[in-house]
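Shared between the two complexes below is subunit A, which has subunit B as its partner in the first and subunit C in the second.
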Partner chain A sequence: MLGDIITPDLFASALRMATPLALAAIGGTICERSGVVNIALEGIMLTGAFAGAAITLATGNPWVGVLAAVLAGVAIAAIHAFASINLRADQVVSGTGLNILALGLTGFLMERLYGHPGTTDPVKMIRPLFSLPKPPEGFVGEVLRWVEGVFLSHTPIVYAAIVIAVVAQWAMYKTRWGLRLRALGEHPKAADTVGISVYRGRWAAVLMSGALAGLAGANLVIEQVGSFTENMTNGRGFIALAANIFGRWTPAGSYLASLLFGFADALQIKLQMFRGQIDIPPQFFLMLPYVLTVIVLAGVIGRAVGPAAVGQPYEKG
Partner chain B sequence: MPVLELRGITKIFPGVVANDDVSLTLDSGEIVALLGENGAGKTTLMNVVYGLLSADGGEVLVDGKPARIKSPRDAIDHGIGMVHQHFMLVEPLTVTENIVLGREPGRWGVIDFAAARERVRALSEQYGLKVDPDAKIQDLSVGMQQRVEILKALYQGARVLILDEPTAVLTPQEVHELFSVVRSLVEEGLSVVFITHKLEEVIAVADRIVVMRDGRVVGETKPAETDMVGLARMMVGRDVVLRIEKGASVCGEPVLEVEDLHVLDDRRLEAVRGVTFTVCGGEVVAIAGVDGNGQRELVEAIVGLRRPQGGAIRTKGRDVTHATAREAIEAKISHIPEDRHRRGLVLDFTIAENLVLGDHREEPYAKRGVMRPSVIAEMARERISAYDVRTPSERVLASALSGGNQQKVVVAREIGRGPELLVAAQPTRGLDVGAIEFVHRQIIAQRDAGKAVLLVSFELEEVMALADRILVIYEGRIVREFAAGEADDQTLGYYMTGGGGSKLEPAAAAAAETGGER
Partner chain C sequence: MNTKWSRILAVALALTLLVAFVPGCAKKTTDEGTGGGTEEPKTTVKAAMVTDVGGLGDKSFNDLSYEGLKRAEKELGVEIKVLESKEITDYESNIDQLANAGYSPIFAVGFLMTDTVAKLAPQYPDTQFGGVDEFFDPVPANVVGLTFKEHEGSYLAGVVAGLATKEKALSDKINDANVIGFVGGMDVPLIKKFEAGFIAGAKSVNPDVKVISLYAGNFTDQAKGKELGYSLIEQGADVIYAAAGAVGLGTIEACKEKGALFIGVDADQYLTVPGSGDVMLTSMMKRVDVAVFETIKAAVDGNFPGGTIKEFGLKEGGVDLAPFHDFENKVPQSIKDAVAKARQGIIDGTIQVPDKL
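Presenting the complex of A and B:
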């Protein structure tokens, strides 16, 4: 039975499941590194998913849908940026408010646009990037089947997430932007006194996190599920926040942590297929990713220290 | 022509005129000390020059030309650099990263770290400011961090360097080094504004002294033309007693007995290694030592904030070795902690709330678990006037007070409680002469009332001014005891830095401690 569970398909699924988490988690990393907590990732992802579905349905072009999802994410993030940077609101309150807003807004728009709650019509999906020939039989074929299954069977945003993780990791430690970003979240006044604009830097970081979480929503709808369902993000934004912490506020770490959570999710789905053979209620498998989140956050990782000034509004002078 | 000139700078905060028509010049290659009490407006003035605050009136001239300085960027572009009292360094970043931040070498947004490191190394050699370019700030000592700050200003092309209270956080040794750094900077052609409220520093380092009080410049002088007493009078506006007069101590019964005490620090290393001493009613016993030799752990053990590993602590014969902080208060031990912001006060509480902390559950301030605001307010008003806390009302938040007034609130609470033993750790840290005088008077008043006082201080001046007996602590052991007036600061400094006891074997240390007992 183990051979039935551990298949290329399981790992491919893990990579797929990890993608929206990773995109949002990297967004969260960038945002928190600038000193702004973004608890609204969940809501942004959900809004992105809805915008992606609605625009794809309206235009018939899933790529336009992806763009719409990113822009919708940026729009919600802009509200968060304005509230927490310019108005110096409590960032957790602002984020929580936006999460509730996103849930209500997408539900409301469902009814207005499609006349019913629940799930939209299927949208045109983006296909996997590579179409592969059927591998031959034998050992070579088995190896090929694994390589293809795990690495080459994916849609574009899955690969994009890996590229984004690598680029963001490099940029955070090697570029002017990255150095300034890290300074902003640790000691904004120090950045200010050497002439770096705290507001501008934080705005850019929050908008970037909005774009990434929006892209995560697009991946969910246009590459994975194929339709929008109310509250379909189902806590992924919060798991992404956990992945950001587990990844110690680094893009690469966030990606790897997301991979772990994605694997838990994939395993959970796989195990449900063997419901008959394993005498454990399926609810326990469903819990797996969340239990893992709790365990990870509760201390497997030891004491995680985030940016020193995260969550604190900056006031000049 | 002066490199920097301020003409009629006025800065008004709601309700306060922080700078009132202030004019000042700084010549090339000159060290000007800006002297004044906390709250006199020195830092405000320099923040205006550095573009962190915008003035309500007046102008700044650089090299004789009016300069519009709206932000730190503008100030840097005019060749003005500032080392802030609270360092503007990003702790997890490296020395190099901090120095180049905001002006990173490289192209296309990619930082050329090799070039950056080279620039830092070159600067640090040119000015004799040795520092490891790859070390993280959080691993450096405060003195080293300050060097990084100075290097940062130099990297940005500063020709005028403003140092805001640069010695507040330094050890005497580091202060010495800083002075020679400042002199070499001036030799290299820089001009320096040195903000401070410490009189001896002004005399030691300045070419010219400008004194500020209540937002105005009240005088200007040169070190050769004045002395500490004259400067203190100018700064405070009245005669200040720099050293409190006190009579001989009348020693009563032992109040605090510490016996072979062993205490661990936060890293679980032994910080206090078998300390034995006694403090009697009616005397001030000072623990003199360089920071980090076990003073903090010793104090925390006595006041119930840290569990000793071994030994005993008794107050008036009662065993308080394992007392909690609450039991320590009940045993009439009061504690003026060394860090008033972290331990002395709850900054977001009002003065009244801060004053009642620790007694808040006791009658008459509370009844059946419910606090009685009117009783507390009345007590607060009494103590505010008795301890001369300058505040419009007892409902003001502690965070709104100046450092000196905050410390008065702490002193008012701890002494107002009526302790038998007062443990005062660094009770005048960061205070100006007027406030120091006040706190010193309170401590001597306690002693004269027959109470026991244990003073911990890194400042020899303070130790010698207040103590009846001095215990020198080094690496967690009491290495010498002196009676008041028996040792000068050189002798104390010698023992404080391990001169007499660094190689002490446990037996010899024990002998030295027994010698220190009464």
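Presenting the complex of A and C:
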């Protein structure tokens, strides 16, 4: 029984499911560190997913689709940046508006471009990076099967997410850019006084979060499922926000938190296999990742404190 | 400075919200003429339908209902109209609009509209309503609930899957494990009917077969559907049946990647899902078009079955298996015979298909 749960695919599945969450969560981390709340991650991811599907369908090249998803994410994020930085709008209101906009806009464009809502035609997908020969029988083969299944069975963006997490963690704590970014979120006035442009810094951070959430959408459409369906992100942007908080506003923490959520989701799928044998309704398993979110956010892991100036518009002068 | 900015902000936000809501609220009406030649039989019946939020182009119930409507237009000469719902909140206004314009019968597509129909039917006592996939208790006198014996069609799908998993010649995707899989959308009684029928059908021809059922918890998350497919295939499932809406599209992708056969649902998914031919063994079709057409026909003939729940099973042509398409020549006669036998047994009543686990 345990052997049916603990399989290479359990861990591979966790990595796959963690990837869109992690990319959006790291985007959210960068954004909030600069002092701007970005609850539009969900809508940005959805828009990115749509742009990725549409451009891949139009050009036949999934890599162009990935680029389009990133750019679409940046475009939506630019609206958020303009509203919340230049116009000093309430960042939560702006983000909510953008989430609704994304839902309506993608549905509207689907109808305009393809004549129907629902699901697009299949797009050309990006396949796993490595294709390895079938492992031999025996112990060595078993080890190879695990290594391949868990680590080598993935598509490029899955690996890219890990690299992005490491680089962002390093950049946030070891570079001048990172120090300035954190200063913007903690005490923008102080940063301003020493000559750091608050607007420019925050703009860059918001656009980066848009690019990462857009990339998350590309991963969903172009690497995972191969077509766009309305509202296909299914709340992943909001789970990503939770992962950002759980990860205590650090890129590495965001990645690990996303991995935990991905693992919980992968685990519940495997546990469902034993529905017949242990009499537990499947709803119980389905809620596992969300229960985990609530427990985590309720502070079992300790109180998480965000950047001091997060959510506050900065007024120069 | 401040007031200027806040004014710009107010306008910008208002515009954002406007743009956000306009596509959401827009109702596309599809007007269809009374159709074709003058030699067609004339009737004064004006039939209409309100789509579920999936809208036309869902390649499923909404499209199928529309097919039934179009057939009625062509064969019976009725005037037809479709209103699409973009939001659940559109149901009521769409039905109001059609009822006030004199349409009857009006078909409300999808079980989400059940409560709306139950609420509005008494307000329009002279209008006939057809609720596709809707169950009423009690049934208003001017409403007919159109339901389907999904378990009967799923039983046939189970017969196919139960035999196919042992038929190595069928495809190189068939393995030795004697395991088949079921993917459900939400764990609700309607989906349980599919699961129960499928399992009963599979066990009837292959008592030792192991059927693993996994649920996604929604009908839209394709990525989840793919993960469920991966898990089933890892457990040895080589034929997978999904009753899970768009979730099933992800499962098809998993089948294509990891090598398993798939049985589609609701429509003939060989035709509606491009590029699925090499894994699509067959589909369990809910012939919503048949149910809608038959109901309009009854209305035209003056015997609309108001106040009842109609159950469309194999016998009524309301559910059926789609052709094997690309597998037509590979599926052995023994499987086709077993399906024919099961079909006859269900129609005769000698086989009682369970509708719950």
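Note that the second predicted complex is superposed on the first by the 309 of 317 C-alpha atoms of A that agree within 3 Å, B and C clash if a C-alpha of one lies under 4 Å from a C-alpha of the other, contacts with A are read in each partner's own complex, and residues count from 1 in each chain.
Simple rule for what comes next: a contact is a pair of C-beta atoms (placed from the backbone, for glycine too) under 8 Å apart; a residue touches a chain by one contact, two chains touch by 3 or more.
Only a predicted model underlies this, so the values are computations on that prediction, with no experimental measurement involved.
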Exercise. If you stack the two complexes on chain A, which partner ends up touching A:E142: first (subunit B), second (subunit C), both, or neither?
Worked result: neither
For this session: Once the structures are superposed on A, label A:W177 by its partner contacts, choosing first (subunit B), second (subunit C), both or neither.
Result: first
Exercise. Given the touch rule stated above, what does A:G118 touch, subunit B (first), subunit C (second), both, or neither?
Worked result: second
Exercise. A:R16 contacts which: subunit B (first), subunit C (second), both, neither?
Worked result: second
Exercise. Who does A:A190 touch here: subunit B (first), subunit C (second), both, or neither?
Worked result: first
Exercise. Which touches a greater number of subunit A residues, subunit B or subunit C?
Worked result: C
Exercise. Does the superposition put A:S227 against subunit B (first), subunit C (second), both, or neither?
Worked result: second
Problem set entry | On subunit A, the residue positions that both subunit B and subunit C contact, one per complex | none
Exercise. Once bound in the complex, which stretches of subunit A touch subunit B?
Worked result: 174-177, 179-180, 182-183, 186-187, 189-196, 308, 316-317
Exercise. Given the complex with subunit A, which residues does subunit B contribute to the contact?
Worked result: 47, 50, 52-53, 71-73, 76, 82, 84, 87-93, 97-98, 101-104, 106, 109-111, 113, 152, 156
For this session: Mind listing the subunit A positions that touch subunit C in their complex?
Result: 4, 7, 9, 13, 16-17, 20, 79, 82-83, 87-89, 93-94, 97-98, 100-101, 103-105, 107-108, 111, 114-119, 121-122, 220, 224-227, 229-232, 234, 265-266, 269-270, 272-273, 275, 281-283, 286
For this session: Please give the residue numbers of subunit C that touch subunit A in the complex, ascending.
Result: 5, 8-9, 12-13, 16-17, 19-24, 26, 28, 54-59, 86, 187, 212-215, 217-218, 220-228, 230-231, 234-235, 246, 249-250, 253, 273-275
